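First chain written, first letter: the chains are A, B, C, D and E, and each begins at residue 1.
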């Protein structure tokens, strides 16, 4: 679904992420881990198009399975190609109501109403908050809203930056099973950045560890993965 | 030395008819790390907002200072509450990015300085600042602009800023959000150090972290106190499991995560 | 270079060099007329130092400095008109422009301005006090950013309109035709040069004060308020107080500049203190570099000089050049002239590092 | 100031040209009016040069922009005198700009020719006033109104010196002549909000309105005036700042039939004016109009040239000494310099605005009126008089 | 009594003029945070559009109807160019836009001066809008009724678009969080340009309408600018509802104050009222609060 080849990116002229290569297959969940400041968010921002690529390529699969380079494609058009992004930090459109936050992305889609309803069933807490201004929601409510908003776009590739931050434990579990279910049922690949090893290794099939902006280790989750990850992260 | 530092009585916060906090009583004692948990939207942040003067409320919040008696905080301005010794952090660390670590701490230490001191240059760092830099582990970064610190370091700096400001009630809203396992560990220990002489309240959703470091837990739900007590008390409370911890997860499900943080 | 200027020796060297230029070179090289013009520019530079403090360091875009400049100027002008009237017709007599406006009795609030000491005190206190009051009213209520900018701009507009309506303050014409400055005849070229030296001296003092404020703990606090005002409150400071100090200092500088401007230029009228002149003050600072210490000074001088040169060279089309200058400099040089040095340094360094990493 | 050491004059009379300054606002709010004055100054200079110049020297203009700001006028005047060493300066419009320049010309002992009607009460050795003073414009306008039976007036003006002084004179005149003043309102220069004032004017029901509004405000005023149903027949408006230039902008349909008081209109019937208008249109285009301040500016250049010829010198003292009695056969009729107060004699004319956008004389004074800037000749104005 | 009715109407009318001038600003300043000092010159461009249209069309009534949409396009096009060339690069430096656009305003004024000449030009009021109608014993100019109606239409249209259409949601979303909007599939470039186009277009419309009551000269427009900004500030950034109330309140205050005092003092009075008002409501009449610290 997504191929990163020797990707280097950063802010201004300073690279933060160096020479990263990463593959996410169809219907696969891949976790990226690493210390604070390792460059995880930076990597994701380049993938979704918020910061330019310095060198290397980002390749996205077309529906027919062939790959195309999308290095220069604006962020909003990557969404049309099937990417959805949940940024770090419980971001929402603070001046819109929660309902408008959802309608905003449903606008222009067929069955927009049904798409919204599906997500409201997934996050029932949001139902009662639809008319509240999103900027007034609690942190966890905003994060749930952000994930719902991403899922409404029916993505083929879901990019999550610490999605469980600030969310209550039982909803975290719900999100985890959603990710696993969607990937298993087909049609969704996930690039997941997560500090919680427990959550990440349970949801993902493979992992990569970033250290100082470089890939320090990759592998399949499963027995011994925890140790390998911790070892790769150790400085 | 478990003396009461802060007493909240019957706090109610009303947003145009919606009661985000609805009659909460809470006491924070020195020497404890008091965890505040509860579902998203339960009113935890709002309660902290109320105590620190950001949200209007009814009820009463009193600060107890040894030898000085109790002071009512309701109705005071934000900076007066801060000077009364109540310090808080926000979920996203807000440090002064253009100033160095030392300058950040020096400012935090100086709320009571005279105009005359303010108008002169800083000759050397105050002793409590140097001590705190050490305590939060940033001694190597004293002259680094705070803007380029790593995420976790900023959060430690923020806690450090409360310490040099002589806060003896610390209200920390999700202080380990976005931190890696090692950093959580370090932060937890830091909180215990700090709590020796102060009251520390922590809002968190990370149950492993809570289990590892909480002395006492209060669970909020829909603006009211649902349960309070030790970690075991609340973890085993079926109501807490239902609205918060989730019934689909058993202890064993959480095992890998435990292993990761322990 | 920049490093050196930050050291104690560097600061002294900087001041010495500036003093040498201002007190040595300029009077030698410039004709009497140009020196007078330069003195006028120095007044703008004094205003600019204050704006650099309030805006560059404190983040308050003071779009209404004309108000404080005008206060200082009018207070000084009142004294000078009183002195003239007394010189011509004896104590208690009415200044010439009032006679023309049909005012036969000296208004009570004019009387104290026959005293030089009272006048100087008023120049220092009135605008500062006004800034403190207004500052408290606005900053306590956390009015900031664009709100504050628009509000202070409206203040400048309202102040100019108010003055235009006051016949006893010269109305639209303002106050002009001064003969004496604290007893010194303004016709005399020697005294005109003295005015220039006063302007230059005050500029150096004002820069020194700004420097001290920047390097002090207060200076750090001000930057902290600029970057995260709410956070400062949670540390136990009253952010409004911190802002008020910078705002009032800027007001004081502007007032002093206005007071010097009047004897130098010989007229003050509402046209020099309204919205457009206030924006011009800001432009100099923006072009020079708001955040640096000398940037505002350089910028104010550069803008004033460019304005004069352009309008002399192209009297009918210079507004184009002026407009384009603002657009180009501000759009392309966010850090102002002061950032050119840094930019060239970066430029010169870059190839080396690029090679090293290649 | 004769008592102090003024800078030595640096005027260079050795070459075959002589420099003069043209100082008008070419930018800012006053550019609207002052650019027309500049055009007239250039026209006069070109004509004089074509005829051989002054004292056999060609006149060379150094132009500066006053930018509608008094301080800039002061700065540029000083520059013209001290750096360009001009023999004299032509220009200025607002009294504020004149007041700003006055000390500069006095201190440097140089000459300014100021071409606009103004509020009087001034006479500087270093200024020649070629526009009307109050007894050549406002008082004749009042005389005319009184003659036509006006018993009550409403005063509307911009908030600055000229309207305020004019209205002070009108009040004194009214008291002496039994005319009732029903209201006196001022608006900020450039204001376009006239609902309130026009409502008040209408409900006051005066016989006429005396209008000292300046510039753009007139457009809004006259539109509002017409829209609430007030007409020239019902309640005429006498204006003293609306000339041919302004009529176009106001829209003749809004102002047709209203009155103005000036010394010159484009329609004045005289050979000198025919020449002037033709020359102006030839130079600047047939669609341009001529107006009183333009004519006064045009006159001022000729008056200066004639004085210089009479004195045989460009020196300020010589020009001042020779000025008395110098005359020019101008478009408005013969004008003569009064050596005492440096103003000129002028013929007063009341004009009516016609559908073609021009003003036509409906009344004119019997011959030129001597300037009386301090109103010494009017008993009822005793309270207004000041010592110079 | 007549006078009182007159004053009430005057307040409404002055308010509607302010509102028309401020409406575009409440998008570009209120929503986008751009302090566009050239907004006054966009109004001026609308005035000259009315003038040129009238020169070409002749009939005053027809030319007014044509000039309104054309003025929208002219103002909008100027805004579009300004946004694309300059403002786009300055979104992260909102206070700098003030200075840059001030320079743009200077240049535009000079362009107008060179193209149309410094003196004011006349735009003839259509026959149908001349004179007044008698309302409760006072004469109300038809031009003012027209402007009032136009303001109501414009405000309603803008409000409906912002509140209830996908385009409106997008505008508010991009304003709130540019990056987030991009990653939600919204082209922030297109939305910025569109918002600026509409805001500047409204200035053009205001300009066309204002020729009915005021003059058309290079400096027209400048005079409305400060008041228009104040309306947006007093109303609360980005709140159309607030702008309406603030405009009418300021208009009425000015009209009433002027009756009992002078027009100059009324201006000063308005300023004082706003400062006092901000003591009570520091963020303007109607504000959208959020819980962020910024």
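Note that in this section a residue touches a chain if its C-beta (ideal position, glycine included) is under 8 Å from a C-beta of that chain, and two chains touch if they have at least 3 such contacts.
Which chain is which protein? Per UniProt: A = ATP-binding cassette domain-containing protein; B = Urea ABC transporter ATP-binding protein UrtD; C = Urea ABC transporter permease subunit UrtC; E = Urea ABC transporter permease subunit UrtB.
If you're wondering where the values come from, they're calculated on a predicted model, not measured in any experiment.
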item	value
Farthest chain relative to chain E (centres taken as mean CA coordinates)	B
C-E compared against B-C, more contacting pairs	C-E
Whole-Å gap between the CA centroids of chain A and chain D	75
Chain centre separation (chain B, chain E; CA means) in Å	47
Intercentroid distance (Cα basis), chain C paired with chain B, Å	45
Chain D and chain E, separation of their C-alpha mean positions in angstrom	36
Residue numbers of chain E (touch at least two other chains)	110, 262, 264, 267, 291, 293
Per-residue multi-chain contacts in chain B, two or more chains	45, 94
Per-residue overlap in chain D, given as positions that touch at least 2 other chains	27, 159, 186, 188
Parts of chain D lying in touch with chain E, wherever the complex brings them together	27-29, 31-33, 35-36, 159, 185-188, 190-193, 195-197, 199-200, 202-203, 216, 218-220, 223-224, 226-229, 245-246, 248-254
Chain D partner contacts - residues on chain E that touch it in the complex	2-3, 6-7, 9-10, 13-14, 17, 110, 113, 118-125, 130-132, 138-139, 141-144, 210, 212-220, 223, 254-255, 258-259, 262-264, 267
Complex contact set, residues of chain A against chain B	34-37, 88-90, 125, 129, 136-141, 143-144, 162, 165-174, 195-199, 201-202, 226, 230, 233
Chain B residues within the chain C interface of the complex	52, 77-80, 82-83, 87-88, 94-99, 103-104, 106-108, 110-113, 117-122, 161, 165
Chain B partner contacts - residues on chain C that touch it in the complex	212-213, 215-218, 220-221, 223-224, 227-228, 230-239
